[in-house]
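Naming follows writing order (A, B and C), and every chain is counted from residue 1.
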Amino acid sequence: MNFKGKDVVSIRDFSKKEIEHILSVAKTMVPAAKGQEISELMKGKILATLFYEPSTRTNLSFKAAMLRLGGSTLGFTDAKGTSATKGETLADTIRMAEAYSDIVVLRHPQEGSARLAAQFSKQPVINAGDGAGQHPTQTLLDLFTIQDELGSIEGKNIALVGDLRYGRTAHSLAHALAMFDTKLTFVSPRTLKMPGEVIRHLEDEGAEPVISDDLESVIPDSDIIYVTRIQKERFPDPAEYIKVAGSYRLDQDMIKNAKQTMRIMHPLPRVNEIPPEIDATVHSAYFRQAFNGVPVRMALLALVGGVV
Amino acid sequence: MNFKGKDVVSIRDFSKKEIEHILSVAKTMVPAAKGQEISELMKGKILATLFYEPSTRTNLSFKAAMLRLGGSTLGFTDAKGTSATKGETLADTIRMAEAYSDIVVLRHPQEGSARLAAQFSKQPVINAGDGAGQHPTQTLLDLFTIQDELGSIEGKNIALVGDLRYGRTAHSLAHALAMFDTKLTFVSPRTLKMPGEVIRHLEDEGAEPVISDDLESVIPDSDIIYVTRIQKERFPDPAEYIKVAGSYRLDQDMIKNAKQTMRIMHPLPRVNEIPPEIDATVHSAYFRQAFNGVPVRMALLALVGGVV
Amino acid sequence: MNFKGKDVVSIRDFSKKEIEHILSVAKTMVPAAKGQEISELMKGKILATLFYEPSTRTNLSFKAAMLRLGGSTLGFTDAKGTSATKGETLADTIRMAEAYSDIVVLRHPQEGSARLAAQFSKQPVINAGDGAGQHPTQTLLDLFTIQDELGSIEGKNIALVGDLRYGRTAHSLAHALAMFDTKLTFVSPRTLKMPGEVIRHLEDEGAEPVISDDLESVIPDSDIIYVTRIQKERFPDPAEYIKVAGSYRLDQDMIKNAKQTMRIMHPLPRVNEIPPEIDATVHSAYFRQAFNGVPVRMALLALVGGVV
């Protein structure tokens, strides 16, 4: 399997076999990701990180990945002050970035921008989130986490919880999980339900997702509870938000009937969805999940850089 | 020729022989600039990039240059939040930077600031643009590009087009090109003509620049068309701007009588001066020109750092 | 003495012996700090620099320290655009940073935040200033400078001058100097006097600080004059500020009776407290003091990183 020079725009561009290969390479990156081993796989190479909107976690995790591989990084963390404000097109900025680097990471508020960038760049482009579009490295690190926490992804009971309507994380992850024959449950308030289009797609792919609005009843059977943030801005009525947010809050009482092996994941940052009391329980996997961004992104950089 | 510790403030500080030496060193840097070879010439060395105003392209290109030499960088990308806002003088900030680095790159809105910085710094200072003043590394990369595209600079027909009144790029480049016995043509709307002072200087240096406001008629004889951006803000009357911008737009029709070997250059970012349809023609050299910023800046860093 | 994994939150956490050890390690770092030697002590290691408020000098000096040790850095320079604006707690941001790095440097406007961060982080946390709280690396570089300039700290006459009320630098430094049996004099306008609480603390530790508001009379006996900035904002009446600032301005005339070996220090940035005419005198030590931030921070990074 040769990933050299390949763009990473959408998780849909990867077959199950390719995803498994990425995850297995990521596993080998863990010691260097922890700073326990020194890697020089990307020595002399430069990663350009073009963030047209801030995303500290994704940005720092890509940088850490490149640095842990012995490479270096340059770029910007928001669009202000860049040539975009002088009227430069994204295509031209990308051509600048490719002239100064070996791999380009792009975060952009506009859907489709990563695909466009990939068309113009001779260097591989990795999509770090394009608006309501794709965020494939988040999906890959989520898959890696499930595999790492449970031993395998195949056949697990996985509940996606929270804002399933606007949350792009949930859509991409659901698609990828369907490839692994998981049993999916979508838990959300009625106004934030998984879009019918996404569900039909999943059914076409052979999945049989269960829809629920009762989080508590879903927990006992779940292997993974994947929580996403419910944003206040989605609710015209603040009282409605408070009510909803309360019933999707994963406190101690809520998880008292969970399996011992059940793991809670969250793409972070969290606000009130998971209270700090959960952090010390055996169920919390979200901090390890955040770390997993590093070995997974190391694997991708090394793969598209053609050094593994 | 020893450049160790030398400041790079103005292209006027360099003789033709020195410029030729920099260009020949730059040529040897190309493989490492492309990431095809690993250089460790500046290993352990730090470049401070002090940008008092944003200039993404220049900033990233200096960083890429230092990283490609195996060195590292630190600095800031705008003045906000720096000690300057607490009332610190430029002299004191420079003395801070020299304490933390081996070479200082300065971008500052005020003319003369790079010269001042060079006086206070024990480390070499490279001017990355000081207001209406100098931008010598841009001139050097322009010369490198002409040489690389045409085989030599000597005796070529070179047209500078656009805003020749306020564009500092054009003034410095014209001076440097005069040293290489080129035939210069200045093409601009009447309100944006090359200043008389610059022209007299050039004539003192033996050049005989031709003045024109008709771009189309200049193209057939030109080896290089160097386009600069015409800024809307220069025109009190928007209608006047639209008319002018239209007649200095370099589209397919305009260049149909150009020599096959003619090359179009632009310091970038461009807006409407060169439409995307030109990108795929044999004439477009501006993306290679952008890349050339890396080997040329690598050469300067290595030279003033005393490692080549 | 083993510092591996230790947090650096307050200078009060260190014994005199430990401080002396840090200073002696710092001394060995000077050649690499100047770029005269190449160190790879922290090769493959990452320093996270989390600056919730801008502090260019401290930030760049920590970066220089890590780079001079062969390591690399990532982080942010102000809170804007970070997850904090999405409601993430400091504890969660710290857990992100520790997942992406080996050592975390924190600058935060809120007192106590570094202590909190240290509790949540598995990686060592270094306090780079927490509001009115502590700034231990500033104190260490001040001590290093005194030792380096005078040969030793023990028993010297040291005057702290300026805003001793709000200036946290002065409080921490006074505490540390008391450990070295120095003779302390506190010189300030009456409204900016050293707080009684700090003085009582010092007396408990055996110091007998002298209080003065007459800078000129203090100078002849002093070995070190440590000047801090008097901020206009502290004075409701601008006329009062101008009067006060004038009498704490250290000009040529003021220091004419100083010992030849007397050294002037300042944490920088300075504004009017020390005019440029002093820079060229034998007394000015503040630029060397700024440089000393690099070897001292190198020593701390190498010590808590467990590599020296």
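Convention: contacts are C-beta pairs under 8 Å (C-beta built on N, C-alpha and C of every residue); 3 or more make two chains touch, one makes a residue touch a chain.
These numbers come from a predicted model, not from an experiment.
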Self-contact between copies subunit B and subunit C, residue sets same or different by half: different
Angle (degrees, nearest 5) of the CA superposition of subunit A onto subunit C: 120
Subunit B and subunit C, separation of their C-alpha mean positions in angstrom: 40
Contacts with two or more other chains, residues of subunit A listed in rising order: 72
For the subunit B and subunit C complex, residues of the former touching the latter: 43-46, 48, 72, 74-76, 80-83, 86-88, 91-93, 95-97, 99-102
Touching residues on subunit A, where the partner in the complex is subunit C: 32, 35, 37-39, 54, 56-57, 60-61, 63-64, 67-68, 70, 72-73, 77-78, 268-271, 276, 287, 290-291, 293-294
